[in-house]
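Chain nomenclature is as follows: A, B, C, D, E and F, assigned in order of appearance, with residue numbering initiated at 1 for each chain independently.
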Amino acid sequence: MELVVADIAVARGGLTVLEGVSFRLSSGQALVLRGPNGVGKTTLLRTLAGLQPAVGGTVNMAPESLCYGAHADGLKAVLTVAENLRFWAAIHGVDGVDDAMAQMNLTALRDRRAANLSAGQKRRLGLARLLVTGRPIWVLDEPTVSLDAASVQLFAGVLRGHLAAGGMALIATHIDLGLDEAAVLDLSPFKAALPKVARGGGFDEAFA
Amino acid sequence: MELVVADIAVARGGLTVLEGVSFRLSSGQALVLRGPNGVGKTTLLRTLAGLQPAVGGTVNMAPESLCYGAHADGLKAVLTVAENLRFWAAIHGVDGVDDAMAQMNLTALRDRRAANLSAGQKRRLGLARLLVTGRPIWVLDEPTVSLDAASVQLFAGVLRGHLAAGGMALIATHIDLGLDEAAVLDLSPFKAALPKVARGGGFDEAFA
Amino acid sequence: MSIWEYANPKKFMQTSAWALPWVAGLSVVTLVMGLIWGFFFTPDDYKQGSTVKIIYLHVPAAMMAINAWVMMLLASLIWLIRRHHVSALAAKAAAPVGLTFTFIALVTGALWGQPMWGTWWAWDPRLTSFLILCLFYLGYIALWQAVDDPDTAADLTGVLCIVGSVFAVLSRYAVNFWNQGLHQGASLSLDKEENVSDVFWLPLVVCIVGFILMFLALVLMRTRTEIRARRLQALLTRERIA
Amino acid sequence: MMPELGKYAFAVLSSYGASLALIVALVGWSILRGRQVKRQLAEVEARQKGTERSDG
Amino acid sequence: MIALLTRDLQLAFRAGGGFGLGLAFFLLAAVLVPLGVGPEGATLAKIAPGILWVGALLACLLSLDRIFALDFEDGSLDLLATSPIPLEGVVAVKALAHWLVTGLPLTLVAPVLGVLLNLPGPGYPWLVASLAAGTPALSVIGAFGAALTVGIKRGGLLLSLLVLPLYVPTLIFGAEVVRRGAMGVDVAVPILLLSGITAGALALLPFAAAAAIRVNLR
Amino acid sequence: MIALLTRDLQLAFRAGGGFGLGLAFFLLAAVLVPLGVGPEGATLAKIAPGILWVGALLACLLSLDRIFALDFEDGSLDLLATSPIPLEGVVAVKALAHWLVTGLPLTLVAPVLGVLLNLPGPGYPWLVASLAAGTPALSVIGAFGAALTVGIKRGGLLLSLLVLPLYVPTLIFGAEVVRRGAMGVDVAVPILLLSGITAGALALLPFAAAAAIRVNLR
């Protein structure tokens, strides 16, 4: 299984922010995306997840193999930890809720409603969701925000397990995950050149 | 000027989470709070900010000298960067919006609406707000979430400037801010002991 | 010994455990007596026929529906001023009882209205203000249920109860102003006994006492439950934290 | 024994029926919930006492 | 899909979920109108069919913004859009959940409010029938409107503005059924038209709504 | 305080801010009712005062959840609560902003809708006068309700349930003023009572609302 991204260009707010990004990810590999704030990491990940169209280039992967983890975790505050996970497991037709909770150290909190979790506990629950999708390609946007050092370790361990089982991961982060085996791709060189102002008052590219 | 916290106990969801926390902060000092996820950092900071009552202990400081910076930045998505700052400046009766934007490297984005900022840019704007409150005690909850390395440096510089001008800062964070002069307080030892179950079916402390 | 002693949940549980069977027993006795007396052993009214028998349910329920709200108002004030948990929980416990009594008054009134006025419902001021009272109860209960944190919920519902009471009184006057009604005037006042003859009056008084006792018994019982539920929640949270 | 209710039988009987039903429902619900909460509380208290002892 | 339906119902029944509040609003509307209009029985009887339908419609309207906005805000909608369930299915299930929580109870209590508004006797069965036939259309049209406005914070009023015109045919035929029913006239034509609208909306709007959501998520 | 007022108005006038939507809702309600009730002029004239007031009230109601909930969600309310402005002042200013955005325009366009609903001639000045006297009360009572429900996600319907009973006296006196005005009867008593309610609500409710917000922020 592979994720092949070739010469992709992505746009935000009608403005191309990144262009010419290419990489390839095979089973068991992880790639960390880096780049200063605002370079377009989130935009790139959303495009790969299929939530917005790419401006150019191609993305190749098996259908329904990608699982997106965003800033917002998709948790329902009034449901308990276990109920939240069970829902996503049912949506993806997968078992393993208990296992996911155990892996992310949530078993003690299983009957706590998500509203009553601290910032870091919530984040752990959001990451546990990845485990119940059963999908091989994880696309994660700053997954370790709010996590303490121990939880970052925990997550790195889970990630290694996922890779060892043949999964892939694409992670945008500013923090060092301690994942030495992962390749790093700095996005700064791919920042889109500012489109030239249309000459002669032409409208044809004013919409770019 | 001083912030003196003596033997404070704070509660969340009707349950005491931290107790016996004491520290003292004078002009020019910074204190970094650490502790694992869920230990009660956010709760402590909210209590100091006066948003919730303390269960016990005392807090001493000059009135209206404290400025709270939370996970949520209080930004309006439809207002521009400059408008957002101008509003908070007006509320606190302070000038210096341009200066604050310059310090947090936002001048180029001044007429961009907050909705169109990336996660890190938003965070920078949230931090710039601190500069227009004109208050000496900054109480910050994970201020550098989503910031890239350069922005963390930038913020550390701003913080040093604030301290040099006689300000104080109390910061809960999991990340190293590169602020070597700051004292560190680990909250783990102050975790509240479980109150003993009342014996003999007594109800008197069921409402703890 | 001050009355505030009973605001201590433990003390309250002890006292109410002792009092509850008596109050409950008495209320059953009076209610059964009053209703049987009213239903089987009173004559028909010359104008209203056998429908007068409805009065033994309708009037006590209507009175207690209003009094329950007054009790909730007092309990809310005590909670907000002195912060005694029992009073907040008593107000919470009383609301569904008051709401049920409101329903009884509305239903029996409607069933009475059909033969007497030829309609189930008329926008008579008294009926209307009762409907509004019903809405106040619903809002109050809904707010209790919507807020998680028990103390927060108690504070918010307390404020709502006070503001609501002011507006309930205003509504009563507004509604009076809006429409003159069909409904009976006060006929139970002590100085105008002749309005309702003794045959109807005596069993009615028994029924009213029965309803008062029933209200007390239910509120006692439900407050005990609320106290236990509150403690249960606290213990469970503690357990989870540990 | 049953009194003659005449043409108003429906109104009177259904008033009594509806009211008693409402009261019974309220009382029943209160008692059931009371029992349920009492039982749960007893369970949790017993459990917590147990763990406390085993802790030392 | 069943998991989604269960979750939506669960969320509605949990604290703050809003079940019963649509009902409460319906009741409130039925109380407010006489307070504004005056207490005369004859006037009320005349306007009862219209007011009841307008009330049902508004009660439905007010709960629409829950259909997608909550899921959008907490990121669930992004995740549902990338899940194995087709987005059309998500829309249909969520509209169904909305109907079960709002339209169905509304239909069931409507006769009680008919009493308050003095609706003439023969109107009652038709009131229930017309609401049963019409409220599913309200839910699915509303889901479409909610999908259009999902990106807008607190877009409640914009939503109303978009959806109300779409509700007009349902309202007209629904109220007409009740009015004719109350007068004892034949109701076949309006009730057929009403059912037609519902069937059409159910068949087509989920696709439009799913398209709108895809655009809004970009 | 002025900065807060300016910001709230600015937010209301920006895209998605909701200005004009209250108005639109009012308009729609005034259009829907004839659609539901049927077109007879005499019936409409009779119910016009009530319907106009109920419409104004619902239009007001629908925008209430914006008063505090947005600020709560994005954390502004925490920051305002720790700012030098007293929370009572914040409540008052926000209620004022709500009135300027909702109540005032409603008052100004009401006569146009009066025409649609066939309101008799002498009623118009009283329609405007009663709305001018009554809508501030709607805003401040609404602010109180919004303060109670600020912690509850999408508490819109709960908010309605809490607020509508509180609106009853205002509605009754307001509609009564218009009805009496339309019939050419003396309106002094109801309009005085209406103004009294408004004055009382303005004087007391900001304190209750501020207390509720403090509790909710805990």
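As a working rule, a residue touches a chain if its C-beta (ideal position, glycine included) is under 8 Å from a C-beta of that chain, and two chains touch if they have at least 3 such contacts.
Remember, it's a predicted structure, so these values are computed and weren't measured experimentally.
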Ask   = From chain D, what is the lowest number of touch steps before chain E is reached?
value = 2
Query = For the sequence-identical pair chain E and chain F, what is the superposition rotation angle on Cα atoms, to the nearest 5 degrees?
reply = 180
Task = Averaging each chain's C-alpha atoms to get its centre, pick out the one most distant from chain A.
result = C
Query = At the place where copies chain A and chain B touch, is the share of residue numbers found on both sides over half (same) or under half (different)?
reply = same
Note = Set B-C beside C-D; more C-beta pairs touch across C-D
Query = Cα centroid separation between chain A and chain B, in whole Å?
reply = 28
Query = Just how far, in Å, is the C-alpha centre of chain F from the one of chain B?
reply = 37
Whole-Å gap between the CA centroids of chain D and chain F = 42
Query = Cα centroid separation between chain C and chain F, in whole Å?
reply = 32
Key: Per-residue overlap in chain A, given as positions that touch at least 2 other chains   = 71, 77
Inquiry  = Two or more other chains touching the same residue: where does that happen in chain F?
reply    = 16, 152-153, 155, 158, 161, 164-165, 168, 172, 218
Task = Scan chain D for residues touching two or more other chains and write them down.
result = 45, 48
Message = Applying the document's contact rule, which stretches of chain D touch chain C when the two form their complex?
response = 1, 3-9, 11-12, 14-16, 18-19, 22-23, 25-27, 30-31, 33-34, 37-38, 40-41, 44-45, 47-48
Ask   = So in the complex, which bits of chain F are touching chain E?
value = 16, 18, 21-22, 24-25, 28-29, 32-33, 35-38, 43, 46-47, 49-51, 53-54, 57-58, 62-63, 65-66, 69-70, 152-158, 160-161, 164-165, 167-168, 171-172, 175, 179
Inquiry  = So in the complex, the part of chain F that touches chain C is made up of which residues?
reply    = 144, 148-149, 151-152, 155, 158, 161-162, 164-166, 168-169, 172-173, 176, 189-190, 193, 197, 205, 208, 211-212, 215-216, 218
Query = Okay, in this complex, where on chain E does chain C touch?
reply = 15-16, 20-21, 24, 27-28, 31, 34-35, 38-39, 41, 44, 115-116, 118
Residues of chain B touching chain F in the complex = 49-53, 64, 66-68, 70-79, 83, 86-88, 90-93, 129
